[in-house]
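In what comes next, subunit A is part of two complexes: it sits with subunit B in the first one and with subunit C in the second one.
And now, the complex of A and B:
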């Protein structure tokens, strides 16, 4: 329990740090978002009075008159209250509203790819290590290495062109997460449609993550050299059990930690995947925000990525806690 | 008394890119029932390779090239996989070199005992296995409640004793101890070994004790074999090796360790470093490091001088002129 609280405390500090950076960066940048918005407003409506300026300032939480510390605490307070401000570019929508749709698709895409690649990588890594030196091992090792070195954008374009855009093999959709204007008759049909649209991007991400085989293989080989494997064999533990509950179980521990880091890289990589496959995820929202200089939305996305990262880390921590008894009694 | 374990002309190769390296070369020895034999030598001389071969636990690139290993008349080398799995631990068990690391870190001790019983068809009932494990673990002086703990919650000495308890779970006929106490301090070392030897009297098993610590070996073993570069160069009762070693290597090894009793004198040590096994010279393998080497040692393999069960391979043995403390 103590361990969990310690981790939670750590994540809270990390979160506050991220919020702080998030608060200061736009304020350190040249140019004033409020001024910029005013200019835009001026172009459309022509006339602005002091009242409007005050209202806009209040809206975006930017103020020239208030001391910066005061607005900082106001900002932190509103973040925790779930009030992340309004989006410039999609004005009546709040930042959270503008985020949610993209976020849910990205989480779906990332989550599915992560689970699939976790299963595939670790399974293949275990088998490769167990049959070290075999043909299968060399094939997986070389293949994984190869995949690791293809740039995301090249693979994504290749897959997208071949299986979505070409005349001959283009059996998959070239964009969107569901068919536009599609009225599914039941849930199954909807799920089918979503899976159909997600298939190519997920495949692409899973392929890009295939180098995870190497990590698991290396861990597993390390574990197989340990004495408790030899003792297990001497004790009469059957081979398949040695592989799974002696070798793999212990080899998984470091992998669970890297899993969290992987999510960070995936969030970055998802930008490219989402653009190439025209998938309406967080990456697309991010690009839209950058295009229209929508500061609150950008901040919101950064903050959301932070939250995603931290939750992923927390989940990885909890997984380790279940897998590794050495962590459980630490607080005692 | 009859021979329990008979090893004849055992050779073990390690396959490398530059051809096979013979780590154990034509080694023969036997252990009688309830006897304890010591196997001593420097690191890399093939002691552990022998231990692993006796249970056929060696993994590629190691390979038994020749010889036979018989325990109670059954040839271990000819066994099939399943027969071998049943045979291990039941007839021969082993306390590993770094017993600190030979417990699965993510499995409770109780379950690690249970696995032994389950995989040898003794019992599938957890309660029954627990009762047996409790008895064993109390024999080695660990409170039975601690079976619920994970390996990392034990001290090094306790883990070692737990492993010994596991090794005795199926009442094997032979217990191999491969440098069982190297990682422990001398006080704990003696405590554990004494307990093992008390148990040996009680449960009547034989012991193959592998170490490079000769003085420890002298206290606990009946017979001692000295190994150098994959060969047993001298075999004799412990007292003979202690008082009157014949092979210069035995003599050097004996003088490299302070005695547990008696005065602390100057330790001579053995000059040079262990032989590179991929480049074995003509003649005696110990030639370069031997202080008694003569011309013949560089030309001819030393003949075996046999006296009953004892022997040594040397052109220029120590003879009787050297006492144990000069």
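And now, the complex of A and C:
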């Protein structure tokens, strides 16, 4: 329990840090952001009334009369109350409403890819460590690393061109999460349609995560050098058991802790992949916000993706708790 | 005779022992040669506009032309310069930051370490792409160099974390104690005693950041944050996307920047591999042992892979 509270405390601090960044970035920019907003807003909508000006000032917490500290706390307070302001481009919608439209698809995409890539990476990492020095090993590690270092944009564009748009192999849809105007007869049909649309984006994200093989392999090799492996072998424990429940279980611990970094890259990559595949997730919302210079929505995306990161990290922490009995003991 | 001498030269020996490094260096060298010596390989300027719009690759336009009649091959070559420069710039900034921050945290420990570790952990959970987007959006049009600076200042966290733990393990070695006893100043101990032991890690972090920076730059520009007038691989992708190159089947517009990014990324990755191998004796020994087993395997056939050690 102690461990969980410690992690939750850290997440709270990290979230406040993200809010703080959101508050101070517009102030650090040269010029008056309210004026800049106004100019941009004027360009796009062509009309500004006193209400809008007041709303923008409130949004930034800019006020001539209040000290900066006070307006900072007001801003943090309103964020925690779920008041993230209004979206410029989709006006009657609040930022949170505009975000939740895309959020579920992004969570779906990332969750699916996270599970698939976790399984693939760790299995291949175990195999590579078990056969270390072999051709298979160098193929997996070097190949995985090379694949992961292809920019997400490039991989997504190439895959989308080849498998969604070209005439020969273009068997997958080039956009959307479900077929538009599609009326599924039953749940299975709907799931099938969603899977069909998600296949290419998920494949891209999983391919970009293949560098995880390296990490698992290194941990596994460290574990295989331990005495208890030699002991197990001397005892006559079957090889597959030695590999899975002796080596791999221990090797998974450091992997779970570095998951934070992995998820960060994954989020950045998946936002871009959504854009390329025209997938209606947060990435698509982000592009919309960008095109219309919808600053409140952009700030909302930063906060929302921080929350996504923190929740994913929390899941990783819980996994660590299951895998490592030592952490559970600490709490008692 | 001279050939044999050349053959024994340490550089060649190194390259022969490290096939990954050799391939990596060849790839990077090719990119460097093509981009830095761009005028030698194309007769067009980066901004050249022909009167032929979106033609497929032919003998005049090696990689075809874009919607606006620009030569893709020339743009790829000149654009690569910017991508390389931005990557190196971001790499230098990020590695400098992560070295200073990581070493300080690892060496001083205690409350300093506590605070810095907290900052590092926070920096790692705040997603970088949305953060970069907000900064870039508020700044308006962003030049490639500014993108490099921004990436440098937002991607130091991972390196700092690695260098911090490395410093902590070096900190308790005897030569540090003897330097303390000799009365060396703190700064000297940090930068003359601790830092040289981490050069390999720093260079690996440097190469890693360059890869990341080049990827991030292409990403930011692809979604429309760069200066659309500058010629880089990212803006080329952006322009291709905007003029519906994919929908009209103009694959050659994507080919140049995509290939460039892939080759550059792969080359740097391979170099990073060999840096790791050089700095980590365990990995090196492993490779030598692998060669040994291979030789042995020719004589005896093993039944199980697990029994080879």
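Assume the second predicted complex is superposed on the first by the 285 of 332 C-alpha atoms of A that agree within 3 Å, B and C clash if a C-alpha of one lies under 4 Å from a C-alpha of the other, contacts with A are read in each partner's own complex, and residues count from 1 in each chain.
One rule holds for everything that comes next: a residue touches a chain if its C-beta (ideal position, glycine included) is under 8 Å from a C-beta of that chain, and two chains touch if they have at least 3 such contacts.
Keep in mind that what you see is a predicted model, and the values were worked out from it rather than measured.
Asker: When both complexes are superposed, which of subunit B and subunit C contacts more residues belonging to subunit A?
Answerer: C
Asker: Look at A:323 in the shared chain and tell me whether it touches subunit B only, subunit C only, both, or neither; answer first, second, both or neither.
Answerer: Only subunit B; A:323 stays clear of subunit C.
Asker: Quick one: is A:101 in contact with subunit B, with subunit C, with both, or with neither? Answer first, second, both or neither.
Answerer: After superposing on A, A:101 lies clear of both subunit B and subunit C.
Asker: Looking at A:142, would you say it contacts subunit B, subunit C, both, or neither? Reply first, second, both or neither.
Answerer: In the superposed model, A:142 contacts subunit C only, not subunit B.
Asker: In the superposed arrangement, does A:310 touch subunit B (first), subunit C (second), both or neither?
Answerer: After superposition on chain A, A:310 lies in contact with subunit C alone.
Asker: First (subunit B), second (subunit C), both or neither: which does A:7 touch?
Answerer: Neither subunit B nor subunit C is touched by A:7.
Asker: Quick check on my understanding: which residues of subunit A belong to both its subunit B contact set and its subunit C contact set?
Answerer: Looking at subunit A, the two contact sets are disjoint.
Asker: Which residues of subunit C touch subunit A once you look at their complex with the stated criterion?
Answerer: 20, 118, 121-122, 124-131, 133-135, 137-139, 158, 211, 214-216, 218-219, 222-225, 234, 237, 246-247, 249, 251, 254, 257-258, 261-262, 265-266, 268-270, 273, 286-287, 289-290, 293, 304-306, 308
Asker: Considering only the defined contacts, which subunit B positions touch subunit A in the complex?
Answerer: Result: residues 52, 55, 57, 85-86, 88-90, 93-94, 96-99, 101-108, 115-116, 119-120, 150, 152-153, 163, 166 of subunit B touch subunit A.
Asker: Using the touch definition from the top, list the residues of subunit A that touch subunit C in their complex.
Answerer: On the subunit A side, the touching residues are 10-11, 13-14, 17-18, 21-22, 25-26, 29, 33, 36, 130-134, 142, 145-146, 149-154, 157-158, 160-161, 165-166, 239, 242-243, 260-261, 264, 267-268, 271-272, 275, 286-287, 290-291, 293, 295, 298-299, 301-302, 305-306, 308-310, 313.
Asker: Can you check the complex and tell me which residues of subunit A touch subunit B?
Answerer: Residue list for subunit A touching subunit B: 226-228, 230-238, 245-246, 249-250, 323-326, 329.
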